[in-house]
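You will see chain A twice below: alongside chain B first, and alongside chain C after that.
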Partner chain A sequence: MNSRLAPYLTALAVMAALALVPPLIKFIAPDKWELTAHIGIKILLNVGFGLCLWMMLQAGELSLGQGGFITIGAYTTGILVAKYNLISVVWLGYLAGALAAAVIALMLGYLIVHLKRIFFLLVTWSFAEMLHPVLTSFEHPFGGAMGIIDIPAPEGLTLFSESWTGYYYLALIYGFAVLWIVWRIAGSKVGLITKSIGQNDTLVTFCGLYVRKYKVMIFVLGCFITGIGGGILASYLTAISPETFTFFTSLDIIMFNLIGGMGTMAGPIVGAVILSGLNEYLFAAGYWRMVVYGLIIIFFITLLPGGMVSLPAALRKRFTRKTKKQEVGLG
Partner chain B sequence: MADRSILRVENVSKNFGGLVALSEVSFHIEKGDFFGLIGPNGAGKSVMVNVISGLYSPNKGRVEFDGRQITGLRPDRIIREGLSRTFQHSTLFFDLSVRENIMMGVRAMADMGLAEAILGSSSARSKDKAIEDRSQEVIDLLGLEQQAEEVAANLPYGLQKIVAIGIAIAPKPKLLILDEPLTGLVAAEVDQVMGHIASLNQQGMTIFIIEHNMRAVMNFCSRIVVLSFGNKIAEGAPGEIQRNREVIKSYLGE
Partner chain C sequence: MFMQMAVTGLVLGSIYMLVASGLTLIYGIMHQVNMAHGVFFMLGAMATYYATEVIGLPYFVALFAVVLVFPIIGAAFERGIFRNIRHIWLAGYMATVGVWMLMEGLGWQVFGTEQKAVSFPITGLIRLPGGAVLPANKLWVGLIAIAIMAGVYYLVGRTALGRQLRAVEQNPRAAELMGINADRAMAKGFALGVTLAALAGGLVSTLYSVDPSCGSTPMLKAFIIIILGGLGNVTGSVIAAYILGFIDSFGGSLLGYQAGHFMGFGLVILILIFKPSGIMGDE
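Moving on to the complex of A and B:
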């Protein structure tokens, strides 16, 4: 088999398998389908968000404001499609949401992408936090504290008897489309430039490349894709308010990369699957959720900085080291 | 005479707060030269390279490259004009392979757009091929074939210095500036690196080298400028520099 095609075929096989989940569960345990679909949709959208951040992390951009770009995508869709009925096609509402996120990312990015590590993180975080009071304060166009209600499903989703199945397939397509885009970039020369910027941006400059251009480009693309996901979420939830996407939304997206590992693309995918599942249970834990988060962060940073994907290698290393010690002891 | 010169530095001064790093320094380099810039530690040599390559902007004076003023241009623009530089400490993309490191230097990297990268269009494929061909040429030229797929961090120091030169020559620069390429190398590595630099010069590339290794500088350079405490104290052929009383004084003291 052609080795260039192998990753695509693997992805298609996984996608096909995931596409068979709805009929299978509906056949085996129809009463479990709603909950399964809900978790599945969350996971697949989160995989997309996590991969966007992974792409930015390659360029050394640690954004704690991705929840803000989800908010922008969701609100733009809601305002245009539901509150004022300015756009009659919901799909175009998603596109508008993505464009709004991209335009704001372009303006913000141009100002801040040259800031290193902690400063970039602080600005993106404070930007996302700024949205909350703005959205709450203005009845027009943001709907104030009540937010926006009656956000319709996209056209064509009514094909399915209940909406969860439709959203599940929509999220499946979204997750794999993001995977494809991020995969293509990572394997391209632009991906090589991005990775190089993350390692040594001064040397990239002295290779004759304008670092700021590439950093803005990646930031804008990541926020554009995240904005589409925000639009889909707005439809899925049917109602959004300033409290829908919080600091924790942004933190989660970083956590996907931390838990899964940032070294490879598999990291944020594994992280999104684990944490999205875990979050459904942690939701019940209320305030204690933060304690669990704190422990998770400390565990991964101190004991497994390479994330879950590095676990097999870490265990192998530990195991071989132990046997070596034993050998020394015997000798 | 003027049309022969590739780099003209005119009355360049650079201060950091109260510290005068360069004071009214002027010199020029002619096409095809093997030019050396020497001086004791802290003389301002690296500052000079940083001013020329656009990392610092001078407080006074101007730099002209290939007939065009480059003072105040962004560093990446200056590099695209056809001037390449290396750094004092081995500066590489340590987690990338040797091949990927050298690809980063190839000029066509700057032309790759985001959309064509995602879609893999025929234009992207032809640019990819141009980048891969040029990096292969550089790898062959520097004899790095065996280490091409090795991660740069795993290479011995001498080879890291050669890879850094590979990144710098990948865009086929008109002028190559080398900031202490021999520091920290053992004798065999010094000969290897200087051999590569000399053969680049024979192929017509203008070389501008900053170095403390006097034997290498005196053997290879055709013209030398000496800096001391930010001032130019001497200029000339190696023989003249070796006899210059000012130079001897600045290196050995009174």
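Moving on to the complex of A and C:
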């Protein structure tokens, strides 16, 4: 098999397998399908969000404001499509949401990409926090504390008898489209440049490249894709309020990368699958949810800093070290 | 009315000052943004509540107990979790987030969801010149906070421990060459910061009722303050604390809570973009 085609074929095979899940579950256990679809949609959208952050991380930008960009995408879609009916086609609403997120990311990004590490994190976090009072204070156009209701489903989704089946396929396409885009960018010239910026931006400047351009580019692209996801989420949830996407949404997206591991693209995917799945089960657990969350973070930080992706290597290392010690002891 | 708001702003600023100076000390010494700061504020408030209202100790004895116990708790967290991962900035940040989640979740389980209040030993109203009428406990809390802050200035500026902390803040490796155990100094710095947060919690529990999430808002305010004042700059954060106290007092009364929140974070973004060293920075 051609090795260049191998990743694409693998992805296509996984996608086909996931596309076969709905008919299969409906055949085996029809009453379980709604819940499964709900979890599946969350996981697939979160994979997209996690991959966007991973792409920014390569350029050394750790954003704690991704929840804010989801909010912008969702609100723009909701305002244009549901509240004022300015756009009759919901798909165009998604595009508008993404464009709004991208424009704001361009303005913010141009000003802040020179900030490093914790400063970038703090400024994106402050930005996301600033949205909440704005959205709550203005009845027009943001709908105040009540938010926006009755956001319609996109056209064509009515083909499916149950709406969540349609959203499942939509989220499937979104997740894999983001995977494809991020994969192509990571392998391109721009991707290599951003990766080297993340490692040493001074050196990249010495190579005659304009660092700020590439960092803004990646930031805007990541926020554009996140904005589309926000639009999809808005119509899936049908109602959004300032409380829908909070600090914890942004934190979750970082945690996907943390749990999965930031070294490879598989990291955020694995992390999103684990944490979104866990989230659904912990939802009913009340305050224990926070305890479990805290323990997960501390566990991965202290004992498995490379994330789940590094688990096999870490186990192997531990195992070999033990045998070596035994050899020394015996010798 | 103006006088009333001004005095309220001063009291608010004094409390913010305690929380924020602890946070900025920890950042200055360990280069770690402590997201668990609000949790220690909450634990301080809860400790004061259980010491006074459940065990029945006098209020000031309870505060003294907080001063005795929280350095140990802080040092234990530093030694147990933060020390090993300090050199990776993101790991340090996320570990504090993990501690925050863990402790707040446990707090809800252990302390329950009902609001708790501590009564202050000094009651009554105090009339100030200018027509301001203030509950005595509010004024006393503000004064105690200022006294504690004066103690911190003495500790950091005049004692051997303070010299160690400042040396480590300037350059940990050079400090180690001078015979200072940088790891232990950092543990002490973390313990000091955490104790300040806990003391602020103990003071606030007499003014407002507290629950396990009561640390979030002061922590948020403290973040705004330490960025305004310049990360790691104690004097800067003291000044910024009073600025934010006045913004909250006047802006909160005139424009509403939401506007104050918006202005605070807007200020943070502007400061970080245009003058990352803060209002007191030299660059």
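Assume the second predicted complex is superposed on the first by the 330 of 331 C-alpha atoms of A that agree within 3 Å, B and C clash if a C-alpha of one lies under 4 Å from a C-alpha of the other, contacts with A are read in each partner's own complex, and residues count from 1 in each chain.
Please note the rule applied: a contact is a pair of C-beta atoms (placed from the backbone, for glycine too) under 8 Å apart; a residue touches a chain by one contact, two chains touch by 3 or more.
These numbers come from a predicted model, not from an experiment.
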First, second, both or neither for A:Met217, with chain B first and chain C second: first
Which of chain B and chain C A:Ile240 touches, first, second, both or neither: neither
A:Arg117 touches, of chain B and chain C: first, second, both or neither? second
Which superposed partner A:Phe206 touches (first chain B, second chain C, both, neither): first
Which partner, chain B or chain C, touches more chain A residues: C
Chain C-contacting residues of chain A that also contact chain B: none
Contact footprint of chain A on chain B as seen in their complex: 53, 74-76, 79-80, 84-85, 87, 91-96, 100, 103-105, 107, 109-110, 112-114, 117-120, 124, 127-128, 131, 167, 171
Complex contacts: residues of chain C adjacent to chain A: 33, 81, 84-85, 88-91, 93-95, 97-106, 108-109, 220, 223, 227, 256, 258-259, 261-262, 265-266, 268-269, 272-273, 276
Complex contacts: residues of chain A adjacent to chain B: 181, 184-185, 188-193, 195-196, 199-200, 202-211, 217, 221
Residues on chain A engaged by chain C in the complex (per definition of touch): 62, 111-112, 115, 117-119, 121-123, 126-127, 129-130, 132-134, 136-137, 251, 254-255, 258, 286-298, 301-302, 305
